[in-house]
Every structure is written in structure tokens, then in C-alpha cells.
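Mind having a look at this structure? Questions to follow.
As written, the chains take the letters A, B and C, and residue 1 is the first residue of each chain.
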Amino acid sequence: MSSYPGTWRRPPQIVSDKRVRLALQLGVLLYLVLALGSVEVNWQRVSEGLERGQRFVMGFLQPDFSSRWKDISQGLIESLTMTLTSTVVGVLVSIPFGIGASRNIVPRQVYVFCRAVIAISRSLQELIVAIFLVAMFGFGPFAGFLTLSFATIGFIGKLLADEIEEIDEAQVEAIRSTGASWLQMLNYAIQPQIMPRLIGLSLYRLDINFRESAVIGIVGAGGIGATLNTAIDRYEYDSAGAILLIIIAIVMVAEYSSSYLRKFLQ
Amino acid sequence: MLKIKNLSKTYKTGDTALSDVTLEINKGQLVGLIGPSGAGKSTLIRCINRLVEPTSGEVWLGDVDLAQLGRSELRHQRRRIGMIFQEYALVERLTVMENVLSGRLGYVPFWRSWLRRFEAEDIRRAYELLDRVGLLQHADKRADALSGGQRQRVGIARALMQTPDLLLVDEPTASLDPKTSRQIMRLLTEICAERGLPAIVNIHDVPLAQSFMERLVGLRAGTVVFDGPPTDLSEDALTEIYGAEDWNTMRPGDDDESEGPLDVERAAEVMA
Amino acid sequence: MTQTLPREWAHRAPAQRAILWLGWFALVALFVWCWQIMSQDTIWAFVWDAPDQALDIGGRMMPPKWGYLPQLMKPLWDTLNIATLGTIGGVIIAIPVAFLAARNTTPSTTFLRPIALFIIVTSRSINSLIWALLLVAIIGPGLLAGILAIALRSIGFVGKLLYEAIEETDARQIEAITATGAGPAQVLTYGIVPQILPAFWSISVFRWDINIRESAILGLVGAGGLGLKMNASLAILAWDQVVVILLLILATVVLSEWVSAQVRKAII
């Protein structure tokens, strides 16, 4: 009657070879041991730091907006203006690059060139770009503006090009068959299809640029990051807490309003 | 066996799904629940195992009033009630065997289920049930690799794995083709007959219900308007259940309600 | 049906067009205003001087000092460890946070869910470099600060994507497991976990890929890895070493992107 087996093992889902699986597990284990072993921790320094950490948490809970308000507001204004100008310029420049990087509407040489520019912009960290631009243009928000504009080109350019490559070919053909020129084709067949996406991406990038503007100040490219860096250097954790809270608040507001705006525009 | 007394359900949105339903189902009896979309069929069977909390009324399974139970007692009693779902509701990414074994979850401690270390007796029964529904060689496949009819068989095996005293069946054939539908219904009736298992089957396909059920209950706007053998289901009775205007056209909005309580509640949360 | 046709065809209704123009005008005005505020302190002499500076730096980068490469192997290993261990740490914390933040699994929508969401937002709005800056000040420079910084930043990213995945699970599968009389922990492991597992792995690997990029520069603020070497080289204006470091970072990033793409392909 009960001739059915009384045991059952779940069959392996990804790696079916037992030996390969064992080797993988051992490899991961070995790596973890080596990696954890290479982390040298000065526990004395850490325990000293705990007291400072406590002060930081207190500073975060009881932020001090007033005593450094001049520096903070200056940094904020720099960050915000930098964010807006770099997003506008970055988006404007990225439109031709995005179009140029779409395989379906441009000649091959243009495509390769534009894709290369986008790839360079995407693979270079904002901070590294900022280091170079600060070295070239001097300290201050102008270098930050250029950094963020450059980073925007890679971001918007790539996503825009991907969008254009996925558009409905039938509409392009229909407009082309009317005898329209290349520019007319862009205006009538492509622009309507990608415009909502472009606006959405720009708003999203505005949000990212603000976050990044808080970072590049660390290497001298202006903005709230520089103020934050100074506050931490001086161990003024209550001011640092205030700055972080302001950043969080602005990011939250930007995120909610941009998602609202995107819904509204579509 | 199962006695439902004065059962009512009103959703938070103010929609009354059931009002004052009283039903009695005997051991081994197959009851088909028919009625238009939004009549409360799905709510009724979910009030029995309290996937939906009834607003008022009693649900007696044997000598336990399910409507009065606390959390852990309810879980205990749910093991006695097997449920089979519309669109199968298998855990798609688990294997067929795990899906069948999940019918034992109420019986085994957490660590056993977590490590997939079910007792030998359970595993033997799972194989036996898979054999009974004709899927023995598919035990190690993932549920999403099966066809619709096969998945519903796994759903049946999972429900039987609970060694239930009652089966609740919610639109078992809604997403199956006519031939597979009949096969599934035949399997279901055979299994109930073998085990003397009573079952409540929600079904919108009236001819299918008439040919497989021994008793039909017609629900309209949350109240019972027909109760009798299929042979008594006349044109007039159908009109009583479905309403004259509903024969050809569906009222807009009815579809939303038939989606079930989970979505209603979720919608309420989104709007809040 | 006989309608008088409008004399002129216009793309949009006049009011709509006016709003649109007003919007664009406001944007341009805002841009000009921001531009003026931003650039008022700019020393334009430096800006005009920039091409010369660029040429100068470019000249000093050539030829790259390839002999520096062997010295970079230990920092590279550190960078990989910061990214990997930081990702693991972040993911481990992100899992409970995600379950607390998801509407369908949180034990309390009024108390715990807002806290979980706040943790996610905080972690997301603060760049890992800022976390590193803080941690270096608090627990001192070194790998640990880097690992913690990466972990703290990853919580928000993984937490957000994971809780969205949890909210998108199929409610019917969960209902079916509940109906068998399973306890809450069993509903979680049988009904929800199998559904979100692929998303979980792909999110984690994706974040690991991002973390490789980020950990490469954390050293600039003292948190270990390649960035430390970069900082040291920048301090002595050794541009020929900087370019070697940059190329190494670039190679690592490309490799990690490839690995992450392969792994994600294997999962899905």
C-alpha cells in the first residue's frame, strides 16, 4: 500500500553539479575569511570614537541651525543654483548626444562618437571629474556646475538614446514617406514619442544632481558639501546634523514633488 | 457537518456582500454555489475559513464556531478546511512537491517547514496524492512549469494534504478550457466521493454545476434565493438568481466586486 | 453635424499655449537668476585659464607611471572587500527594514512602517561619501569606516527596492498558504520569500556593482582602498600616478558591471 518513498530532497535550482556547488560554497567561505581577516580594526580607536558617535547622534537629534546659519545658507544657495543650472545645461547638451547615440536614426560614425562620450561620462565618478575640474577652473561652484552638467550628459544621453532606439518605427516611416526632411522627421515622429520620458528623466536628474552637489563640495567644488565637510572637520556635530537634516528634507521634497509633477505632466 | 447561521458581511467601503445567510451542509454533500459576479459567492466561502472576517453570524464546523475563534485556535481549525483556488494560487517558484507539502504547514513546527524536513509519513502521503491526481513524475518540477489543468491538480493535492473535513472550492475551472474543466470537476467529485468529503464549490458555469453537483445554492446580492437539486433549477429560478436583464449583458462595476476581498481592502488602503 | 471650421489651425488651445509659454519663460528666468547667483564669486581669470591648466595636467599625466601598478594591488583588494562586505552588511540590515516597510507585511502601519520608511529615506539621501566622512571622524580612518559607509548607504537602496518587490507579490499565493493553517512565519517563508527571491538577488548584485564604484573613491576621505592612494598622489601632484589609478578603477568598474550582468542573467 504505502510503497511511496518517505524522503524527498528539494532539487538544486541553479547549480546542478554537486562538485561545482561545493567548490562555489568553499570559495565563498574562503573569500569571506580572507576578506574579514584583512580588515584591521583598531578597537581602541573605535571605542574612543563611540563617545563621538554618541555626540553625533545627539547633534542629529538636537540640530543647531543657527550658529552656522550664514555658512549653511550660503552652501545651500550654491548647491541649489548649481543643481538647477547644471541640470538645464546638461539636459540641453545631452539632447543632441542622445539623438546622436541612437543607432536607428544616425550614421554609424556619429553613433560611435556619441556613445563614446556618453560611456566616458558614465564611467567617471562625479567626484573624480570634480577633482580635475577644480584643478582646472579653481575652487567654487563653477567647477561643481561643470561636473554635474558633464555627469548629466551621460545619464540623460544614455537613457534618451535607449528610448529613441525603442520607438515605434512605423511612425518614423509614415513621416518619412511624406517626404519630410531629417529635422522634420525628428520633430514630428520622434519628439512626440520621447517628450514625456525626457521631462521625467530631467526631473529625476534634478533630484540626483542635488544629492551629488552635496558630495562634490568635499573636493572643493562648492555647495553644501563644503559646509558639511568644514563642520565635521571642526567636530561641530550639531551643525553637521542640521545640514544632514536639511539635505534629507530637500531630497524628500524633491522626490515627492518630482513624482507628482511627472504624474501631472503625463 | 457545516452550519452557517445568519452570516453577514459588510466591507469597510460600505458594500454589503452577504446579508443573513443561513445554510446547512451534510457530510459527503457536494454543494455548488451559483450566482452573478458580485453576488457574494467568493466572500461566503472566505468567511468560512475567515480569510475574510464576517461582520456577524455563526459558522459551525462540527461543534466549533469558527467565527468566534482567536488567532491560534483559528489556525488550528483552518487545517480542517482545504481550499482550492481560482487560478490555482500555487506558490509559482516552489516545486510541485513543496506546494503539496505546504498543505501540512499547520501541522509541523516552523523549523521543519523551513528546512523542508517533513516527516516520512507526510512525504509518503504527498507522493500518494500526486499519484492520485496523476502527477507523480512531475514532483520535482517547478509549479510554473506546469499547464493550467496540472496546476489545479496540484492545488487539489495540496488541499487534500491537510486531511480536511471540508473542502472550499473557489471557481476551480475559471481559467481552464472546457475539456480540462470537466476533467477537473470529475476528479473533484470522485475524490469527494472516495473520502465522504463535503465541499462547497463556487462556480459560475451553470451547465457544469448542474452536471456535477448534487445540490445547488443560488446567491443574489448576498442572499440565498435558491436551494435545491439541479433538476429544480428552472428558467424562473435562473431568472430569480441572475435577474432578467443579466442574461445578455453584464452591469458595469460587477467585475470589480468579484475580484475578491483582498483587492477591496487594498483599494481602501490606497485611498485612505 | 455642420460645424463651421476654424479659420486657422492651431496646435493647442490658446489658454493651454499661454500656460506652456509661461512655464518655459519662468524656467528661463529661473535659470538666468540662478546662474547669476552661482557665478557671482567665480574668478573668470581662472576659467579662461582652464584650457592651459588642462593641457598642463594632461602633459604631466603622460606617460603614465606603470611601475606604480604593483603598489595598487593591496588597495584594490581593500576596495573590493569594502564593496563586498559593505553590501553584505547593508543587505542583512535591509531585509528586516523592507519587511517592516512593506504594507502587506508590516506589523504596524502607524508606528513601525513610518520608522522603516524614515530609515530608508535617510540612508538614501546621504551619499556613501558623506557617510564615510562622518564615520572616519567618529571611528577613525580605515577599512571599517568604508565598510560601514557602504553598508549604511546600501540599506536604503536595497530596502526600497525590496519593499516594493514585497508589495508587488501575488496576494493569492499568500492567501492560499494562510488557508492551510500556516503560522505567520510559515506564511512568510512559503508564501512571500519564494516570490521575492529573484528580485532580492538581482537587487543585491546590482547594488554590489554600484558599491564597487563608490568604494573606489571612499579613500579620498580616509576610508581605505584605492581612493587613499589617489588622495596621496593628488597631494603631491603626481598626475602620472593618478592616471594609473583612474585606469585601474575604470577596468575594475567595467569588470564588475560585466559580472553583475552575468549573474543577473543567470538568476532571471
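Rule of thumb we're sticking to: a contact is a pair of C-beta atoms (placed from the backbone, for glycine too) under 8 Å apart; a residue touches a chain by one contact, two chains touch by 3 or more.
Computed from a predicted structure; not experimentally measured.
Under the stated contact rule, the graph of chain-to-chain touches is complete, every pair of chains being in contact.
Of the two chain pairs examined here, B-C and A-B, the one linked by more C-beta pairs in contact is B-C. A separation of 6 Å divides the Cα centre of chain A from that of chain C. Each chain gets one centre point, the mean of its Cα atoms, and the points for chain B and chain C are 46 Å apart. A separation of 49 Å divides the Cα centre of chain A from that of chain B. Counting partner chains per residue, chain C has no residue touching two or more of them. Under the contact definition stated at the top, not a single residue of chain A touches 2 or more other chains. Shared interface positions of chain B, defined as residues touching 2 or more other chains, are 98. Chain contact summary for the complex, chain C toward chain B: residues 103, 170-173, 175-183, 185-186, 189-191, 194-195, 197-198.
Only residues 27, 30-31, 34-35, 37-39, 41-43, 46-47, 50, 53-54, 57, 77-78, 80-81, 84-85, 121-122, 124-127, 129-130, 133-134, 137-140, 142-144, 147, 213-214, 216-217, 220-221, 234, 246, 249-250, 253-254, 266-267 of chain C touch chain A when the two sit together in their complex.
Interface residues of chain B, counted against chain C in their complex, comprise 49, 51, 75-79, 81, 83, 85, 87, 89-94, 98, 102-107, 110, 113-114, 155, 158, 162, 168, 262-263, 266, 269. Put simply, chain B touches chain A in their complex at residues 95, 97-98, 101, 116, 118, 120-121, 123-128, 131, 139-140. Per the touch definition, chain A reaches chain B in the complex via residues 2, 4-11.
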